[in-house]
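Both of the next two complexes hold chain A, though its partner changes from chain B to chain C.
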Partner chain A sequence: MRNFIILVITIPLLTAFLLPLLKIFSKKLSNFCIGLNLILINIISFFLYKSILENGNIIYSVGASAPSITAPSGFPIRIILTANALSSFLAMFFTIIASLTFFYSLNTLKEYANLDKFYILYLLLLVGILGFLFVGDFFTLFVFYEISSISTAGLIVFLRNKENFKSTFHYLSIFSIGSLFLLLGIGLLYSQYGFLNMAIISQKIQLSFLDKIALSFIGSALLLKVGVFPFYFWKIEAYKVSPISAIILSILSSLSAIYVMFKIVFYIFGLNIPFIIALTLLSALSILFGNLLALAQKNLKKIIAYLAISELGYIILGISSGFLMQNSKFEFNAIKGGLFHIINDALDIGTLSLIIGVILYIAKIKNSLSYNSVSLQQNEIRGLAHKYPLLSISFLLVILALSGLPPLNGFASKIIIYESIFHLNPALTIIGVLGSILTLAVLIKIFALIFLGAPNRDYQPAPKIAMVVIFIFLSFMILIGLFPMQFTNYFINPSVKALISKPGYKNNIHLQQDNQEQNHSIIHLTLHSKQRYFNYI
Partner chain B sequence: MNRVVKIISLIMLSPIIIFGGYIICHGHLTPGGGFQGGVVIASAIALLIIAFEDKIIKNHLFSLIETIGLTFFISIAFVGIFKNTFFYNFLSNTNYILGKTIYFGANSGYLNSGGIIPLMNLAVGVEVASALSFIILSIKNK
Partner chain C sequence: MSIVYQPKILLLLFSLIFFIIYLFYLTGEKKYKKDTVQTIAYFSGKTPYQNIKLQNVYWGFFKNFEKLYLFLSKIQRENTNDYVFMFIIWLTFILLTICLI
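Coming up: the complex of A and B.
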C-alpha cells in the first residue's frame, strides 16, 4: 500500500526500458505490454487516491523505511515523495487520459515507422508528469523537469520533417535556458539553507531578498513549462508539428506544472503576494491573447495551441485570485473553480485535439508538413457533416464545452470562476466572459469551414477505436456537466482542502528534528574519527 | 587508417578497457563510478571505430546492450520493494555477497561492501559505454 506512490512513477519507467527488448520478439507483444502497464497504473493510482482519502497524506522516502531515518548526519537528503488528495486525484485522472490517448494513437499512428521509440518517449513523458505531481524535494523536481522536457523534444521530432527539426531546435534551446533557471533558483535556496527538501526549506525560509530572486527564477522556469502569456512561443512551434497524442500529453504536463508552481509558491514561499498578482495579470492576458491570436490562425494544430493557452489562463486566474482573496469566503470557491477547470480543460482540449486528429486522418493528410500548406480558407477539407454525423455532433458538443455553455462541463467550472473573481475585480470577469465568446467564434468558424458545405472529395472511413475513445471523453464531459455538484463534492472539495491546508508532512519534520538532535552525537563522532584519521596518516 | 594506427589502437585497447573496468568496480570506494568508467570504455570503442573503418559493429547491438544495462538498473531497484522500499539497499550489512559490515573509523576500502551500489555502478557503466559508442557510431555512419 505504501509503495503505490512509487509504483505509479516507476512502472511506466520499467516498461519504457523493456520495450526495445520486447520489440525483438514481436511488435504486438510490446503494444500489449504498454496497454497492460497503463491499465495497471490506472488501478494503482485509483487505490492510492482511495487510501489517501481514508488514511491521510503519504510521505514516501526512497530507500528507507521511514522518512525520519535519514543519512548518518541526520539531514533529510533522501529522495522524498509526497502525495495529498489533490496530487493523487490528478495522477488518477491524468493516467486515465494518457491510457485513452494511447489506445487512440494505436489506431491513428499505425502507419508510421519507429513507433516503439515514440511509445518509449510517451511513457517517459508520463513519468515526468506523474513525478511532477508527487515531487517532495527540489532535486527530484529538477530531474523530472529535465525528463519531461527532453522526452517532449523527442515527441516533437517524431514525424521527422524539416519543420520538425526546426521546431525541436527552437524547443530545446528555450528549455535548456529554462532548466538552467530552475537549477539556479534551486542553487540559491540550497546555498542559503543547505537543504533540498521542500518541507524543511518551508520551515527554515526567511523570505530574504535572495529568496525572492530564487522564487522568480523557479517561478519563471515553471511558467515556461506551463506556457502562459509571455512564455507561450514554444507551445505554438511544438504543437504545430507534433502528433495529436503528444499534444495531449504536453497539455497534461503543463497542468501538472501548474500544480507544482502553486505548491512551491504556497507551501514554501508562504504566498508571495507580488508574484501572485503578476500571475493573475499574466493569466488574464493569456486568456485575451490566446483567443485573439487563435481567431487569426489557419492551421488547425496552431488553433489547438492558442486555445490551450487561454484555457490555462482560466485555471491560473481561478487559483491565484483565490489566493489573493485569502481569509474571505470566496477563497475556497475561486480555488475550487480553478482546480475543477484543470479537469475540464484536459477533457475539452483533449477531445478537441482528438477530433482534429481524426479529421486529419480521414482527409489523408499524413504529416504536419503537408498540412501547413492546407489552410482553412482554401477549403481543402469541406462537408464532413454529410458523411460523419457522429463526428460533427461530437465537435458541436466540444464547442459548447470549451466556450462554457450550460449543459456541459466547461460551464460548471467557468461559472464558479466568474462568480468568485467578480469579488476581486469585475474587470477580470469581463475578460473571462469575453475570452469565452472569442473561443466560441474560433470554433464556430472551424465548424462552418470544415463540416458544412458540399463534400469536395473522397474521405477515408473514420478509425473505429479512435471514435470510441472520443465517445468516452464525451461521456465524461456530459456526466460532469450534468452532475457538477456530485463531482465537486466527491473529487474537487478534498483536493481544495489539500491545497489550502499545509501538507501533512509537518508532523514529520518534527520527527526529523528530533532525529537531528540524536544524530548530533554521530556528527561529533565523525569529526572525531576524522581527527584520528589524520593522526593515523 | 594505416597499419601503425591499427596496431597501436589494438595494443591500447585492453589497458583502456581494464582501466574503465577498474573505475566502475571501485565506484563505491574511490572517486569515479559507473558513468566515468563507462565513458573510458566508450573511448576504447571509439578508438576501434576510428582505426578500423569497416562497419563491423552493428548499431542495434549497442542499443540492445544499453537496454539490458538500464533494465538491470531498474530491476535491482524494484527488488528493493519486496524487502522494504524502492531502491532499498538489501545487500549491505548481510555479510554475504557485497555485504561486508564496515565498522566505524578509517579503513583502506573493502571491495566486498556497498550492497547494491556496486551493482548499480556496473549497470550504469554498461549503459553509458554502449550509449556513447552508439552515438559515436551513428555520427560516423552519417
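Coming up: the complex of A and C.
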C-alpha cells in the first residue's frame, strides 16, 4: 500500500512519455492508454485513501533502500512524499474529475490537430497536481511547481493563435518571477537549516527574520499559483484562450496549491498569524472583485476565470478564518466549510466550464479566434433553451449551486463558512453573501442572453459523451447537496482532522528516529553526508 | 446546519410548490390564439422602451461604480510589466505584514 503514493504520480508521468511512441501505432491506441491510465490511477488513489483511513499516514522516500528511510545518505537531498487523509482524498477526487474531463475532451476536441501533444501536457499537469498534494520536501515542491507551470503554459498555447502566444508569454513571464521567489524562499530555509525535508524544518524552525522573508517569498509564489486577488492576472490571460479541459485542470492545480500553502504555513511556520490575516483580507477582496469584474465581462471564458477567483476566495476565507479562531469551537467548522468548498468549487466551476464548452461546440464556433472569445455583446448565441432543454436545466442547476442556493452543494458548504466566519467578523459574512448575490447576477445574465429568446442560427447536435459527463458532474452536485451531513462525515471530517493535527509530521520524525537507532545517529549521518557533499564540491 | 438546513425537506417543499404552480397552470385558458395580441404581455401606463437591450440590464450598477471599474480596467491592461509590477508590490505587502506585525 505504501507504494501507491509513488504509483499515482509515476503512472501518468510514464504514460505521458509513452504517448509519442503509441501514436506511431495508432491514435486510438494512445487514447485508450490514456483512458486506462486514468482509470488505473483512480483505483490506486481510492485504495491509497482507504489504506490511510485504516492504517494512518504514509511516508515514501524515493530512492532509499526502504521507503520509510527519510534520512538522506550520500547526497543531502532526498525526495520525500507524504500522504494524509486530506491529500489522499483530494488526490482521489481530482483524479475522478481529470478522468471525466478527459472523456469530455475526447468528444469536444476531436477536430483539432496535435491532440497527442495536448494529452501529454494534460497528463503532465495532472502529475504536477498530484505531486503537489504529496510533497514532503521543498525540493520536490519546486519540481512539481515547475512541472505544473510549464505544462499549463503548453496547454495555453495549444490552439496556436496570436492570442494564445501572447497569453503564454504573459503566463511564463509572471511564473518565471514566481518560481524565482519560490526558489529564493527555499534557498533561505536551506541555508539556515541545511535540510529540505519539511518535517525536519518544522522541528528546527526558529521563526527568525530570514524565516519570515522565506515565508513571504514561498507564500507569494504559492498565492500566484492559487490565483487569488491580486495574483489573478495570469488566470484571465490563460483561461480566455485555453480549451475547457485545460481550464478545469488549471482549477484543480489552484486547489492543490491551496492545500500546499496551508500545509506549509501551518505545519512548518507554526501558524504565522500576520500571514493568515493577510490571506483572510485577500480572500475577501477576491470574493468582491472576482464577482464585480465577472459582472462586467462579455467573454464567457473570462467569466469562468473571474468566478473561479471568487470561489477560491471562499475556500481561503473559510480555512484562514478557522486558523484565526484556533482553539475555539468554530475552528473546526470554518476549516470544514473551506475544505468542503474545495470539492464544491471543483464540481460547480467544472460543470459551468463543461456547459460553456458544449455551448461553444454546438454553436459551431470553430474558427480559432471566436472559439476563444465568444462575446455576449454581439449576441452570437441565443435561444438555446428551445433546442437544448437538458442543457438549460443543467445551467440552471449550476446557477443555483454557484450562487449558494439550496438544495445544491454550493449552499451546503457556503452556509458552514458563513456561520463560522460570522463569529470572527460579521463583515466577512456580509462580503460572502454579497459575493453570492453578485454571482447570481452574473449567471442570470448569461442564462438570459444565451438560453432565452428566439434562436438566431442553426446549431449542431450536442456531443453525447460530453453531455453524459455533465450529467455525472450534476449528479455529484445534487447528491452532495441532498446529503451534506453524510458527505462531510465520511470525507471532510477526517480531512479537517488531518489538516489541524500534525500526525504526518510527527510520524515522519518518528520514523526518522527509528532510523536513527538503526544507524547510530541520524544527525551524525546527515552531517557526515553533508561533509562528504561539501568535500566533493 | 443540522437544525436549520434539511435539504430533503426543502426538496419536498419545492416539489409541493412546483405542483401547486402546475395546478394553476392547468386552470389556464387553453383556447388562446397563437401569434395574436393575446400572447403579448400587457403593460399599463407608458409603453416601455423597446430599444434597451438585455446586455445593459446592470447599466445603473455600472454607472454608480464607474470610477471603480475604470481603476480595475487600468490595472488589467494586458501588459506583462504591469503584472510583474503588481506581483512585486503585493509580495512586498505580504513581506511587510509578516515582518512588521
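By our rule, the second predicted complex is superposed on the first by the 488 of 537 C-alpha atoms of A that agree within 3 Å, B and C clash if a C-alpha of one lies under 4 Å from a C-alpha of the other, contacts with A are read in each partner's own complex, and residues count from 1 in each chain.
Operating definition for what follows: a contact is a pair of C-beta atoms (placed from the backbone, for glycine too) under 8 Å apart; a residue touches a chain by one contact, two chains touch by 3 or more.
Note that the structure is predicted; figures quoted are calculated from it, not measured.
*Asks:* With both complexes overlaid on chain A, does A:Phe209 touch chain B (first), chain C (second), both or neither?
*Replies:* In the superposition, A:Phe209 touches chain C alone.
*Asks:* With the two complexes superposed on chain A, say which partner A:Val62 touches: chain B (first), chain C (second), both, or neither.
*Replies:* The answer is first: A:Val62 touches chain B but not chain C.
*Asks:* State whether A:Pro484 touches chain B only (first), chain C only (second), both chains, or neither.
*Replies:* In the superposed model, A:Pro484 contacts chain C only, not chain B.
*Asks:* Touching A:Leu14, do we find chain B (first), chain C (second), both, or neither?
*Replies:* first
*Asks:* Chain B or chain C: which reaches more residues on chain A?
*Replies:* The partner making contact with more of chain A's residues is C.
*Asks:* Determine, under the contact definition given at the top, whether A:Arg160 touches first (chain B), second (chain C), both, or neither.
*Replies:* Neither partner.
*Asks:* Could you list, by residue number, the parts of chain B that touch chain A in their complex?
*Replies:* Contacts found on chain B: 63-64, 67-68, 70-71, 74-75, 77-78, 80-81, 84-89, 104-106.
*Asks:* Across the complex, what residues on chain A touch chain B?
*Replies:* Against chain B, the touching part of chain A is residues 2-3, 6-7, 10, 13-14, 17-18, 20-21, 24, 60-65, 79, 525, 529, 532-533, 536.
*Asks:* Of all residues in chain A, which touch chain C in the complex?
*Replies:* Residues of chain A touching chain C: 166, 169-170, 173-174, 177-178, 181, 209, 212-213, 215-217, 219-220, 223-224, 230-231, 233-234, 236-237, 272-275, 277-278, 289, 292-293, 295-296, 298, 376-377, 379, 406-407, 411-412, 415-416, 419, 441, 445, 448-449, 481-485.
*Asks:* Residues of chain C touching chain A in their complex?
*Replies:* Residue list for chain C touching chain A: 1-2, 4-5, 7-8, 10-11, 14, 54-55, 57-58, 61-62, 65, 68-69, 72, 76, 78, 80, 82-84, 86-88, 90-91, 93-95, 97-99, 101.
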